[in-house]
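Okay, here's the structure, questions in a sec.
Going in written order, the chains are labelled A, B, C and D, and every chain counts its residues from 1.
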Amino acid sequence: MGELLGVAVLGAGHMGADHVRRLDRVVSGARVAAVADPDTARAEETAAGIEGVSVHADATAALDAPGVDAVLVASPGPAHEEALLAAFARGLPVLCEKPMVPDPAGALRVVEAEARLGRRLAQIGFMRRYDAGYLRLKALLDGGRLGRPLMLHCTHRNVSSPAHFTSHMLVNSSVSHEIDAARWLLGQELTAVTVLRPAPSAGAPEGLADPQFVLLETERGALVDVEVFVNCGFGYQVRCEAVCEAGSARIGEEEAMSVTTRDGARQEVPQDCLVRFADAYDREVQTWVDATRGGRVTGPSAWDGYAASTVAEAGVRALETGRRTSVALAPRPALYGGAGR
Amino acid sequence: MGELLGVAVLGAGHMGADHVRRLDRVVSGARVAAVADPDTARAEETAAGIEGVSVHADATAALDAPGVDAVLVASPGPAHEEALLAAFARGLPVLCEKPMVPDPAGALRVVEAEARLGRRLAQIGFMRRYDAGYLRLKALLDGGRLGRPLMLHCTHRNVSSPAHFTSHMLVNSSVSHEIDAARWLLGQELTAVTVLRPAPSAGAPEGLADPQFVLLETERGALVDVEVFVNCGFGYQVRCEAVCEAGSARIGEEEAMSVTTRDGARQEVPQDCLVRFADAYDREVQTWVDATRGGRVTGPSAWDGYAASTVAEAGVRALETGRRTSVALAPRPALYGGAGR
Amino acid sequence: MGELLGVAVLGAGHMGADHVRRLDRVVSGARVAAVADPDTARAEETAAGIEGVSVHADATAALDAPGVDAVLVASPGPAHEEALLAAFARGLPVLCEKPMVPDPAGALRVVEAEARLGRRLAQIGFMRRYDAGYLRLKALLDGGRLGRPLMLHCTHRNVSSPAHFTSHMLVNSSVSHEIDAARWLLGQELTAVTVLRPAPSAGAPEGLADPQFVLLETERGALVDVEVFVNCGFGYQVRCEAVCEAGSARIGEEEAMSVTTRDGARQEVPQDCLVRFADAYDREVQTWVDATRGGRVTGPSAWDGYAASTVAEAGVRALETGRRTSVALAPRPALYGGAGR
Amino acid sequence: MGELLGVAVLGAGHMGADHVRRLDRVVSGARVAAVADPDTARAEETAAGIEGVSVHADATAALDAPGVDAVLVASPGPAHEEALLAAFARGLPVLCEKPMVPDPAGALRVVEAEARLGRRLAQIGFMRRYDAGYLRLKALLDGGRLGRPLMLHCTHRNVSSPAHFTSHMLVNSSVSHEIDAARWLLGQELTAVTVLRPAPSAGAPEGLADPQFVLLETERGALVDVEVFVNCGFGYQVRCEAVCEAGSARIGEEEAMSVTTRDGARQEVPQDCLVRFADAYDREVQTWVDATRGGRVTGPSAWDGYAASTVAEAGVRALETGRRTSVALAPRPALYGGAGR
């Protein structure tokens, strides 16, 4: 495949720094060509020791730096729209962390811009599509052996939420993963959202509606329920059970080593998303690098990013009103295939 | 403990015959003294080979037969009210299969009659309270180590539904087990019901809304969700996960023997309720016999039977209207303790 | 079935008292007619509150007490031979706790005495044959779907050993369960024993060779290995994996409730044999009572008791010498079928 | 870290081609600089499409090719000694597939040659040390929480053996993985081997002693048993249970997705070593590349390779004689730390 793919990484926070490390030391066939962050000290630190990398305060400058063949957007969500449009203007392939664009209107502008280009340049960072368990489940459902899916039961638990995490963010940040996973697994758009609020846990910060129970309905009548509990205190658990006409299937129950002592038989529960999905992140970026070097775009599309933002936004309204809330999507441009494809 | 407890069994159908066998051949300390069924041929057949038993077409006659110390009601639901009131009139302890009385008004009349007596005579056949798994979960929740329960996630699946099973019966027959179990496990009354209807399975009879997804709310803000799927085709599965402030616990996942062949690793799934809960039925009746011989009443009460009927009836309305439906209980007589006690 | 079966229980220690409770309060169709123990105070205490029971210092006197139809032998092993021969002399059916007779010569005398009678009266208390897991495994192996069994891997762990437990007893007391189970599951006699001694655990009493690793060979070339570890400190674990030509099967891995807290996902491990095999003991005695009332003998035979004693005795020599030791069985009387039948 | 590490890959068979792919497309920081195979057509095919690679019939020529910084030996075992000595002569770091050298005498010559160099250049490809499960178990044992290890119970099963697989190879090829893993996990040398031969499976080729049951003893009295069954027919299973003074731990039991249908609950069993240990191979090679670029050697040493060959050779004699066979190791050069380090 010849030359290494030179990647400009926008954002040098937790996620951006992790992607820089991944591109530099884990993924084959790529190099970090530029790092951009308004906090240039942080950008410098992230880029330290990497040969031939340039550091920028300004995202656009990074796109124009020498050796940049592609872009990885890991800056905060509000900066994504501008970054994506700038990448489109330069014809640069781009892997954009989720949420693609937090507000549905902005997300739709990205979709329309790419549709005007007439070819796909953007892949959105829904990394669960690269997790071994989700891939197995997707293959099983698509294979048809279990018949039509009727329900998905999902669990999404974190040890504790970051400071300033709001009740809205359980829906539009945490559950956005399940929103995309449900669309992808079922190959259907979501049409309505309901959010229930059990009495909050004493383990959650004052004022945070945690846990929540989110119900998603699909265009062909499947039902998706999600327990989201971001201060459960005991671990990072992501589970999914698909109930179909001829059977059910579960993922996320895999146990690591089992240790038996006088306290009983015990299995470790992963504490962190980056641990649980480390392989998925690696596979996501490696797949993107391989496809990009081969001139292809294969992952979740800007349409998937737009649909997720729109469903999440309806979910926030459902949380506020306590009512079932319909999801209204714009017409899908021909550039994009069916839901979740 | 001296003399064997003489039991009159009302009803010689599937359930009644099973209880006759249990009292005759499994349970210690009891004997079947009388069997009643309008179909006397069926009653004769059920009583065949049991020494000293009398057979009756009429339930009341059976209560007055010689040697009857207590009553087990296993006749169809609509006959329960009369049987319970007749037992009360004679001061006979009674174990009554669920539903105690299908309609809430009749159930309330039973509660009021027993309250007037001023002492408990009735135990209702919610046998899950005697299952080893449920007992473990109850002890764990009551022990307080996991903190306050926030949610229960329940699964209730049958291979296939009997002929003439209606969409209402998924709620007022199948889910009535979860209604009682939730009240008992949480020690709280249920205050509202919502029923969602995913697109029905192709494996369900034409016109049956199967599966359904039932949401129950409790007086202190816990949330209970129940997947009920009575034509799932693959087994009888009853699972419950309690999510609490300091941890979660699951029952109903126990695996029997694991067999690995070229088709993968496989565990048998029980196909039938009477298999899965055989031990619970045995323990329920043995406990009732032991308590009754000792002059005590310990199990689920007539109030529990009334509450279950009332919630089930609200559930049926919720299914019909598609709306969240409140549950209105009569004031609880002093004879009965708190919810689920 | 009419009259209750009157049982004389010989021995009022831990095991005998538990069987008295079981016959009196759990099992259907039987009553305790007599209790015998040289320590008559203990016998009196065990019999307290049971109607119509007589108490004896002498076992033979108990056999002759009024109302005795059958015998349950739960006295110490060295007293078994005399008790069995006395029961045979009276034509009384007898359920004898294991070991039937500890020394092979005495065990053979019992076999010969019963063979002279020309009909079976004795059943030996190998209760694992009544455990749900073992029954499932036996049915699977007999069904032939997995082909011929090649190996059994067994684990036998106790929290701690009783005082005065010797290195020999790991073989002739603990492993005697696996000796019978292997004969029964495979339907083959055992032909050789080897015992390995890893460095003993610091958790074992000074001088006790614990754990041990026992290898059993069968007449048709199957291999059985048993880890026996009676001071493992963490629980009572009995597991068995059968490896066959077309697959493998495991029992004893069933998990009770799973609880997840900040310490990980945890399952309780049973701490005691009477807990783990409570159902098996109940089923064993109920089955024996039912068969005896019906005039039949169905369980493990005196031959099974003799074979177990002989293999155990070879195992003790193998432990002492460190060498593979052959098992020499007397010719099998025609009264008994094949191995483990 | 600058320049990519140029690697000469010796051998273009199944394993070599997989390593070429890995270095070219999975691992970060390396490039394939040369490929050697006596079958140059196969070497050409393996190298096709890789930029700047040279192809050689002769291994030594490949070591001298331009851009070669390190060597990966994946040629057949008998060619390893010469390749290792040639790499040592040139001061090239080398990752050598197992067995390092099949015969103990040759393996000892490699150890002595490296000891004369006075610095480590060789890492042996015992990839289980890089598997997530084994790493967890190693960390647990080293942490000391479970006390001293007493026994390891190991299972090693393959669907079917390659053509020409001999009874010896179950020991010196298959079990060699457990030999190294046991030394590494326990940090002890192995001192004796016994091999038992159950009646062979009808599923094994005529004349192949399959399964076998291998017993390994360690210098401080721990016992390791290994079921090796290379024609089990149903999957690739590698499991290990460590039994310690204060608890036990198991790996290799992780279940992928669980699917429940009318045939029961089922989990897929991996069919192939390269699937089961794909991550371990990737991690092994990435770690080697990273360490080599940093001027370090970190993995299993030539001493580990020598010890494994010596134990395997004793195992083959034990299989032939049916007797417990001692292992005699040469004195360990100071260059190498303790067992398995």
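Everything below uses one rule, namely that contacts are C-beta pairs under 8 Å (C-beta built on N, C-alpha and C of every residue); 3 or more make two chains touch, one makes a residue touch a chain.
Here is each chain with its UniProt name: A, B, C, D = Inositol 2-dehydrogenase.
Keep in mind that what you see is a predicted model, and the values were worked out from it rather than measured.
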Label of the chain whose CA centroid is most distant from the centroid of chain A (Inositol 2-dehydrogenase): C
Between A-D and B-D, the pair joined by more C-beta contacts: A-D
Separation of mean Cα positions, chain D (Inositol 2-dehydrogenase) and chain B (Inositol 2-dehydrogenase) [Å, integer]: 58
Chain A (Inositol 2-dehydrogenase) and chain B (Inositol 2-dehydrogenase), separation of their C-alpha mean positions in angstrom: 44
Centroid distance [mean C-alpha coordinates] between chain D (Inositol 2-dehydrogenase) and chain A (Inositol 2-dehydrogenase), Å: 37
Sequence positions of chain D (Inositol 2-dehydrogenase) contacting 2 or more other chains: 233-234, 246-248, 255, 260-262, 268
Touching residues (chain side chain D (Inositol 2-dehydrogenase), partner chain A (Inositol 2-dehydrogenase)) in the complex: 1-2, 24-29, 49, 51, 132-133, 136-137, 140, 145-146, 246-251, 253-262, 268, 279, 286, 290
Complex contacts: residues of chain D (Inositol 2-dehydrogenase) adjacent to chain B (Inositol 2-dehydrogenase): 233-235, 237, 255, 260-269
Chain D (Inositol 2-dehydrogenase) residues touching chain C (Inositol 2-dehydrogenase) - in the complex, by the definition given at the top: 147-148, 150-151, 153, 196, 198-199, 201-203, 211, 213, 215, 220-223, 225, 227, 229, 232-234, 243, 245-248
